[in-house]
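Next come two complexes built around chain A: one with chain B, the other with chain C.
Right after this comes the complex of A and B.
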């Protein structure tokens, strides 16, 4: 079992894709159930691995490696040069992200009941997207990482472009071009590293790039200027995914135009690939450059935080409020990473996970509301506390978590990120806290508009049937992390220690 | 040369060419004596069998060492073998398309299509094996003249006539330029034999000669860019692609382009790689920036103008220009991966392009213009073919999991491993690739998002389906397990016999 565990975990949605392709496309109910069922194997496997890991199981035993591609075997090179192995491994961080992905995938599949047409194609692409996301977190070499990353690009294009709202095709193209360019920059970095060192394995590259003796023995030299270039390129590449402010426009369109169940995954997991890449690749391979740019990261983070928060305040559409809120919250990830200390790092990763749950939670309710009222404009919503008391309660709870109420996951992550930031750059951190206040303002403004005020839409029913499952389970995760943060802190311990070691303590 | 020496040559190494020649002659005779009203499809099948047999005989020669016959004018080395394999696979697939092609204007194919096709192929194969400027040029002309007629074969069609005329005129100018460049090389060395030329140039070094040699190089290369459909001689591609029939277009964009790269590598690498040039290692290295410049221009022109095209064939024409640019990046890098990267990319390009044209041929039947809307709602009309087209386009766009990605990755490796690395060139390649997403994905929008526009039933003849299946297998298998193809090259030890 062990040697195939990760492959099984990643590729199990494939089974669902195959079974779905055998079913007639008219059978709506069967397709929807199969779509949800197909996400369960990876959910069970990932939860099982997480549980085992909590009980002290050494997950490095799950590492898989098989030889795969070989670009030329030249007599003057080593046997392993210019080979790409099919290799997977997870550490605590990756495992947490995988668990986040599988949970959100199942819940988003449940939320997909509101999809109106062509369910078969929808779920096939949805499952393909899940494979891509899971693979990104488990890949141990850059080429494989890139392949899985691009595997998320294509299904997302179709999911947005076909099942989205009014301006869906524009949003799909905008997604494609921004992320295509981001990936392109990433591909250049990967190709340069691979060509000049002969390996794409992340651990080996880290050794080559940080060990002074190994640095001398690369196939082609890697100069200091080149390192800076590569680091900045990585920052841009993952800055598109995260997104970092000037590169964020695509993400607003996707948030607004894509179907809510897809946005749950997009805001919940895909944005986090940016954070994951920054930690795993930018920080992992170029710790020296990362240190030198750390203040700039905090600056970028504060800009993200404030820009997102202020613009969220001006929005008239609930989806746009949440979109800018995502921009703002990703700023906290950057602030945490830039602070270069243990608390900050922990805060950044916590924020990535916590925002994953909270954003998915809120977007689930966007879907619920839109299905009933056919609108997400704040002015046309209102009085939902009367018509949909439970849903309004959940939305309020989500907003509280998002603005960092103690006892929710939002609090613990923002708190730690700022503890780190105050230690590193007190002035910048002080400016950043303004953003926290703004968060409370814009979220409460939006939520109060929705729940109180004039009732505009009557005759709507509250949460029912299957909708309770995502609502309750997501809220549960948010509260568990808030009340008992060790559930995350423990698995992340070793990852953060390794990162700090890379930075020189 | 007496009869003895003639017999002493190892004629066996020319077996693949002899088979093609024999079939071409036989076809022309059969066509002559066949009653007018009989369907010429049988000739197509015969031609296909001929190409297949020729391919088998080539595989039989796969492990033979370097052999050169006829006073070094014909040489069979690993380069010749591997690139001939590309030509034959490409031709076989195109022939299958041609057999099922029914033009709108109800002029059934004449037999001449098939034997001209074979003579064009023969010209390309001769170039792959040439060791002499004369045979190289004769091969080039055989290919060119045959393809001029192939383009003009729809003689009642206005666009085809315009296309053919443009093709002949630009083609002749390009050939003249190449020939002019070759004349310098001949004038310098007094020999037409490539090996002798290389030795002569390697042994004498004079700074004053560098300029003239550079002019010779540039003229030759620019002339040959016509066959590659690369800048500055790319302008014929859109008009010719639009005017010519789909099988001819796929022949031009795959077989003819491969032949173009064959002659470029044969001539330019053999002649200039060993020529000393003052400071740097060889003239080829000092001249590489010019190739890099043209590669960059080709990629930018191809990918940006393709954005504006509504006609799918014109779009694919510019896309084929762009792909020529990508392959030139591998050439301009002059890395140790060069031959393999070019070979692999051309193989990947062969599958994805012919596959796309196969689907276009069926979809655009009954439409005189190949407007992009012919793809509207293809997913509803024929879901499997829409998915097949998706795979071909993803491969053309270089998305991982397809052969196109591995091909690009290999080109990048070559561009980045050399010192100084080609950062600018590779960045242009990556950025223009992203630009190309826009027009490739435009076809996805038509196929998946748009409602059906034309409701008539699509007919999928068995030959076309075979081509699509083969191309899908090729595109995906090479994308997931590229070593299937690289292992084919294993006995060649990285083309180490190329300069011997």
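Right after this comes the complex of A and C.
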């Protein structure tokens, strides 16, 4: 593979943005097709890389590094100090997240056919968002990570604010403020680390922060107190993204107000950046603090799980049910991470991927439903199994995956996270299992309200044409991971080993 | 054939997929697809059973999921117990597939019904051949899915929707118990394989606390699935599903999965006296509890449902009394005669278009096949001598007695009396006396429905003879290589007592409902309170409504307030505070140099203080 493979993968949507800017904005069909088409290069590249990796290709060969920015030029410093390189690399975890992103991007682009206006701007922002997301997973230094993270913020703001539902502006601002604050906290952490150590490279930082000898040789050693502070700051920064209760209010608004195709990416990928950051940065750089804090992570996870589940039970709008369900499911990620063992970690990462597919799947059907019935209010829906049997079947399948039915990816992640949690904190885990029951309760309540019972909205048609593609492919991914989880577990082995080594075995 | 036993569940799965995709085109021809594929499964299962008769247990496993250095596997196993189960499940499934062709005729969603049946059969057969606890759990849940889909088959009916939801959630409550128990065992043993668990048990590698705890937690799962008290309430409601489904899932196969699970993990239960006691007492209590409710119900399917709950309680009682063979034996005979009873009940419902037994009566002459077949089923379940239920129930009573559970033995005898009584009450009300139906052209069901009933009718009689007091044929085979009793040795008066009790029940039912020598309300008018309690099923549903459901609603409401007011409130006040600080800040920007100087000096002072305190080093 080429030395600039990763850059190509990340920036290939740029091509689409350029071509789109040359097209007249009236040509709806051409724009939509181009929008979908523009997501394909990165999809193909990422799948190719994944396939190669599965066949034993050493993925570290994809690492790229070019000198980029240098701060100051002091004679007493080494050549490499205070430089920020343009550097990319992926490991199994990052590659899995990239594959998830490219798949969901293509499918969400397909689902964007229901966008009603200004397709050109929509797809340009959409593709920009994709670049940001892909970059976040491949960045190997914190500055680059941060830049890509901010790159997701801006297009997302406009996508919500312009193409969303009735309270879209409010949701967009809410999104921007919460995430902006999270980013600010993250930036402070990055600045401190950079100032103290002279590097922003994650691997180097990890070495400096965890190796006692390297720690002594660094520019300005970092005390345990400061580490704790930085760790908590990272927890807050990524806690906004994930989100951790009580930092979740913004994402409810986004779930409800943003167009479903955007929520597919939002719930599918953007929330996972929180999980990714927690693993890669919080756990990667501060394993000691992470360990001390692990019980609290499980507590936070259980709170998320139950809080989200009980609230989802009360919602009257299907989108709100799914929003709280996301809160609840992210609790599983925290529970898994907090258990500090292979099963838990693997469960957490699985949950990130699995929820990505499942949330995107369900939100795709929110879009399908809204397009036909103009409502997502539970009370106004019913009996869809009669008018739209296939769509109803898919929604039910999505709900089953979400509640962790074996044979779907949801089960595998939930199961592993709980195995980990029972090893670490049996009592907390036992409380958490209440969430498994509640998930079934709220999902069945909502989904049966929509699909079973008397038919309220007639004259709607079932799935048709292009809509089958996201429906079938997403379900397929969910089932494949559920039936043969090693397809995902094998690529993650080295990542998890590294994590466990960082934790001291 | 045993090497390819994994194919057995696969055929129904193919049926599921095919019918899902092309069912719409096939319409009612879908039935042939389903029938053919389950028939292949049945033939295969018979072949496997025949081979296993002489061959040793066969097992195969493949790596499925790697966690750290633990390899979880999937695979299949053919041992005595599950070879038998394979045949029972595939046979009943095939018969129900056949029967449903007549019963579901004309239904708009006919192909969907067959697709779901295929899915269920796949899951049930998969459950049976699982060689480890994790895989069992996975199919266990899929079986629940099949049950859920079929209970909610008439999705437009509110009752069906509620029943499907209830079934799923209540069994899931049990499943969480199973999940926890299974994880605890895994953490102790390091494997989900039954073999590894039993080996660890034998070597004493599992602490007694964990044995008892996990055994009881796993039993909670069985309680949910097998409709044992206190998670039994979903099963009677599940009768909202089409009758063939009730026969297959909620009588013969899925609900027996709980019993099967306890039997599979029998060494685990044996290792803990507490766990055994729990199983025995829950089973015994459920047996008499459900039987007493069955005495007064008026819906034909609900009577049968409570009878199922009660009979499953019997099986649990047997297992809890170390009656491994007795439990499985009764599982098998019950599968046949209860499936027969349900199919016959379906045939009756098909004819009179109601499930209310008050509106039936006098069908003996009109339904030449159904009536005698129903009678066979009724005799079998009542423990009438020389019918299958007679032998299996006798085994259970023997097990309870020889294990020293005198109290439970008495309970079981009383429950047997109840069973005989309410089953014959049902029989007489439906088939004897005057016709009370509004339907005039009552006629026998088509042959496609009658034939499966005939097969089951034959089995309901003869299946008892594999394990009789004169030869423990089944027991010796099942317990080969173990130290469990192939046959419980006990005093012979037990059999006489059982016979007398059953005859008394039948006689009483005949006096009241057949001959009508005793007024029907003779007993209920004397004990109106008891009657009401029974009629309302001991108010268990109402109790759950007032406690569990209220509590859930309350917690949700509480969280809603926290979310809306506390969390949002804090966020708002932070925003307001920010705005306030901004306002103060902007007021400072007043263009006066003195003000700027002050701010600068104050800020400098603060910085100096911070520097002094921390030493410039964090």
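Here is the rule we go by: the second predicted complex is superposed on the first by the 504 of 505 C-alpha atoms of A that agree within 3 Å, B and C clash if a C-alpha of one lies under 4 Å from a C-alpha of the other, contacts with A are read in each partner's own complex, and residues count from 1 in each chain.
Here, contacts are C-beta pairs under 8 Å (C-beta built on N, C-alpha and C of every residue); 3 or more make two chains touch, one makes a residue touch a chain.
Just so you know, these numbers come straight off a predicted model, no measurement behind them.
J.: Once chain A of both complexes is superposed, is A:436 in touch with chain B (first), chain C (second), both, or neither?
T.: second
J.: Quick check on the superposed pair: does A:191 touch chain B, chain C, both, or neither? Answer first, second, both or neither.
T.: first
J.: Which of the two partners, first being chain B and second being chain C, lies in contact with A:66: first, second, both, or neither?
T.: Neither chain B nor chain C is touched by A:66.
J.: Should A:78 be classified as contacting the first partner (chain B), the second (chain C), both, or neither?
T.: neither
J.: Once the shared chain is lined up, is A:219 touching chain B (first), chain C (second), both, or neither of them?
T.: Only chain B; A:219 stays clear of chain C.
J.: Looking at chain A, does chain C or chain B touch more of its residues?
T.: C
J.: With both complexes overlaid on chain A, does A:490 touch chain B (first), chain C (second), both or neither?
T.: After superposing on A, A:490 lies in contact with chain C but is clear of chain B.
J.: According to the stated criteria, A:143 is in contact with first (chain B), second (chain C), both, or neither; which is it?
T.: A:143 contacts chain B only, not chain C.
J.: After lining up the shared chain so the two structures overlap, which partner does A:151 touch, if you call chain B first and chain C second: first, second, both or neither?
T.: Only chain B is touched by A:151; chain C is not.
J.: So which positions on chain A get touched by both chain B and chain C?
T.: 220
J.: Which chain B residues qualify as touching chain A in the complex?
T.: 336-337, 340, 394, 399-401, 405-406, 409-410, 412-419, 421, 423, 426-427, 430-431, 433-434, 437-438, 441, 444-445, 448-449, 481-483, 486, 494
J.: Across the complex, what residues on chain C touch chain A?
T.: It is residues 63-68, 70, 112, 137-139, 141-142, 145, 152, 155-156, 158, 160-161, 164-165, 168-169, 172-173, 176, 179-180, 183-184, 186-187, 552, 555-557, 559-560, 563, 566-568, 570-571, 617-618 of chain C that touch chain A.
J.: Over in the complex, which chain A residues touch chain C? Could you list them?
T.: That would be residues 220, 222-223, 225-226, 229, 245-246, 248-249, 307, 310-311, 313-314, 341-343, 346, 383, 385-386, 389, 400, 405-407, 411-412, 415-416, 418-419, 422-423, 426, 430, 433-434, 436-438, 440-441, 444-445, 448, 451-455, 484-486, 489-490, 493, 496, 500 of chain A.
J.: State the interface residues of chain A toward chain B in the complex, per the touch definition above.
T.: By the definition above, chain A touches chain B via 68-72, 74, 82, 143, 146-147, 150-151, 153-154, 157-158, 161-162, 169, 173, 176-177, 180-181, 183-185, 187-188, 191-192, 194-196, 219-221.
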